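For reference, the structures are reproduced in the following blocks.
Here subunit A shows up in two complexes: once beside subunit B, once beside subunit C.
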Partner chain A sequence: MTPDVQEALCRYLLTLADDELVIGLRDAEWTGIAPMVEEDVAFSSLAQDEIGHARLCYTLAAELTGRDPDHLAYLRPKAAYYHARVLEERATIMYDPEGKHSGKVQWAKAITRRFLYDLFDNLRLEALLASSYEPLANAMRKVYSEERYHLWHGEAWWKTLATSSTIAREHLETALTALWPGILGFFEDAPGEDTLQSEGIIAARTAHLLTPWLERAQSYFTQYQLSLPAQKVGENWQVTIEPLTGGRVGQHGAGWDELYEEMTMVRRLEPEGTW
Partner chain B sequence: MPIYEVFRQEEEAGYLRHEGSLEAPSAELAVHYARELYSRRSEAIRLWVVPREAIIEVTDHDFLQPPLERTHRMGEGYRVTVAKRRQLRQGAGAGKEGQHDA
Partner chain C sequence: MSSMSTISEQDVWDILRAIPDPEIQTINLVDLGVIRKIATGERIVVEIMPTFVGCPALEMMQREIKAKLAPYGEVEVKVVYSESWTTERITEAGRAMLRAAGIAPPTHQKVSTLPVLHRGTRGVAQECPFCHSQQTHMENLFGPTPCRAICYCDHCHQPFEQFKVI
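Then we have the complex of A and B:
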């Protein structure tokens, strides 16, 4: 592997891992406060799965560079994380020991982000199953078999939000309006994806997943008379909302300031400690 | 919200045993919750997730514990028979005990 291919692959793996780690950590915040105890257990378990997938990708990146997966996960500088920005947003109340809690409980936002992300993640995984980089293909086949169930869980909630009551549907529509720019931000390429594609390491660039994603998402939207911010003109889709990008080059928002602080807090106490 | 009862089979030669119940807004989610609550650490090779309303519950005491004498249906009756046969055989001649009763 040439140095530029290795660099691109490492960056791609970190991007993948960061997406999974960040949504895993945000969704894990529902432990103890989800709408029902059954969902609490289920959603927390999905969050754990994502953190497990992140670990797998950090390990692959660590094997390439001879570094430690935990260092990659918790000790990189704040601007060297490449997840899509919408994943870093908090959807739960920020607890304050003094009693000045902030934010609100936004279950519809969490579950909608989760489902639309899983739809994206599934397409991305499909583009890696036949990767010419064998360790990646092997790892992603395992991940893919777990992700099927995530999608299944998301579909059940999507239907519940869209059809169970007027209030649930309003929550879904409000969440969608707020999330759209960020959802479209998933489809930002990591630097070097063209190199990876020509090497056969990835079958499709992230930016090229938007069309198949819209095709796949469309059925879930039309089924429940929900609208997509995109229209198909001939063979092409025209998106009517500006995506929130920058995540893939390390630009993030207030949600990341907070999450980064929290997730690295313990590790920074004793960076070389054995846990 | 509907309640579902969950049955679990742990090994190929095993049987399904009732493990508990859960609450879920739909059958699809009930299946997810069943896995998370009753096979979280891969304990099951099979689950049955049954809407509680599909279960026909029978608790009628007179129906299940009829008041009339039915000792002829009890296993003990057969034990008495075995003991009696043994006594008879011992009376008839020694040495062959156990051959038929084992």
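Then we have the complex of A and C:
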């Protein structure tokens, strides 16, 4: 592997891992406060799966660079994380010891983000199953089989929000309006993806997953008379909203400031500590 | 230090068959099907396949294998993904061990061809581990560990855990 391919692959693996870590940490916040006990269990398990997938991707990146997977996960500078920005946003209340709690409970936001992310993540995984980099193909085949359960979970909630009551549907529509720019931000390439594609390491660049994603998402939207922020003109889709990008090059918002602070707090106290 | 291990491959299988899964104590690592390959010689090399990627039991398994084999030489435990663990690797004896823990064993299916599973989907488990009725339904796709779902028996009205097909 030439140095530029290795650099691009490492960056791609970190991007994958960061997406999974960040949605995993945000979804873990529902443990104990989800609207029903089944969802306490489900979100805890979903989060555990995603953090596990992140760990696997950090391990693959660590094998390429000789670095420690835990260092990659916890000790990079704040602007060297490459997840899509929408994943870092809080959907739960932030508790404050002084009593100045902020934010609000946004279950529909958490569900909508998770489901639309899973549709994206499944397509991305499909583009890696036949990777010419065998350790990646092997690992992602395993991850892909687990993700099937995530999709089933998301589909059921999608239907519930869209059809169970007027209020649920309103919450879904509000969440969609707020999330769209960030959802479209999933489809931002990591630097070097063209190199990875020509090497056969990835079958499709992230930007090229938008069309198949819209095709796949369309059925879930039309089924419940929901609209996508995109129109099909002939064979091509035209997106009508400006995507929220920058995540893939380390640009993030207030949600990341807060999450980064929290997730690295213990590590920063004792960087070389072992458990 | 490099000396030959003092144990046969068969003996290693027997030792690993005595190590219980950290989360489901009635089943052992061999019958769970997570041990892919064993080599003895200069070192003892054990290849282990994760059940679910995020399962914290994997690290405990590695530690336990190392500890139990340490008296017989240098030990390496390799986590491999070149072949994926699936629930079809659980042995018949292992399936009985799951039942003994009150967990319905996975059905003989592949995850890629499973029908859609939602809350309320009927007939997900082969039978209720308590009353053996086939009248069951899915209650939650997720359970106390990544590998388990929660089902409900419509006959004896007991919730029970099912090992997920993967």
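Throughout what follows, the second predicted complex is superposed on the first by the 275 of 275 C-alpha atoms of A that agree within 3 Å, B and C clash if a C-alpha of one lies under 4 Å from a C-alpha of the other, contacts with A are read in each partner's own complex, and residues count from 1 in each chain.
Convention: a residue touches a chain if its C-beta (ideal position, glycine included) is under 8 Å from a C-beta of that chain, and two chains touch if they have at least 3 such contacts.
Quantities reported herein were computed from a predicted structural model and do not represent experimental measurements.
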- Message: Looking at the superposed three-chain arrangement on subunit A, would you call subunit B and subunit C a clash or a fit?
- Response: clash
- Task: Name the chain, either subunit B or subunit C, that contacts more residues of subunit A.
- Result: C
- Task: Determine, under the contact definition given at the top, whether A:Ser164 touches first (subunit B), second (subunit C), both, or neither.
- Result: first
- Could you look at A:Leu56 and tell me whether it touches subunit B, subunit C, both or neither (first, second, both, neither)? second
- Message: Looking at A:Glu38, would you say it contacts subunit B, subunit C, both, or neither? Reply first, second, both or neither.
- Response: both
- Check whether A:Val143 is in contact with subunit B, with subunit C, with both or with neither, and answer first, second, both or neither. second
- Message: Just to be sure I read the superposition right, which of the two partners does A:Ala156 touch: subunit B = first, subunit C = second, or both, or neither?
- Response: both
- First (subunit B), second (subunit C), both or neither touched by A:Pro135: second
- Considering only the touch criterion stated at the top, classify A:Ile23 as touching first (subunit B), second (subunit C), both, or neither. neither
- Message: I'd like to know which partner A:Ile111 touches here: subunit B for first, subunit C for second, both or neither.
- Response: neither
- Could you tell me which of 6-14, 78-86 or 96-104 in subunit C overlaps subunit B after superposing the two complexes on chain A? 96-104
- Message: Give me the intersection of subunit A's contacts with subunit B and its contacts with subunit C, in residue numbers.
- Response: 38, 41-42, 45, 149, 152-153, 155-156
- Query: Contact residues on subunit C for subunit A in the complex?
  - Reply: 50, 52-55, 81-82, 84-86, 111-112, 114, 116-119, 139-144, 146, 150, 164, 166
- Message: Going by the contact rule set out above, which residues of subunit A touch subunit C in the complex?
- Response: 38, 41-42, 44-46, 48-53, 55-56, 134-135, 138-139, 141-143, 145-146, 148-149, 152-153, 155-156
- Message: List the residues on subunit A that touch subunit B in their complex, please.
- Response: 36, 38-39, 41-42, 45, 149, 152-153, 155-157, 159-160, 164
- Within their complex, subunit B touches subunit A through residues 1, 22-26, 28-29, 32-33, 36-37, 40
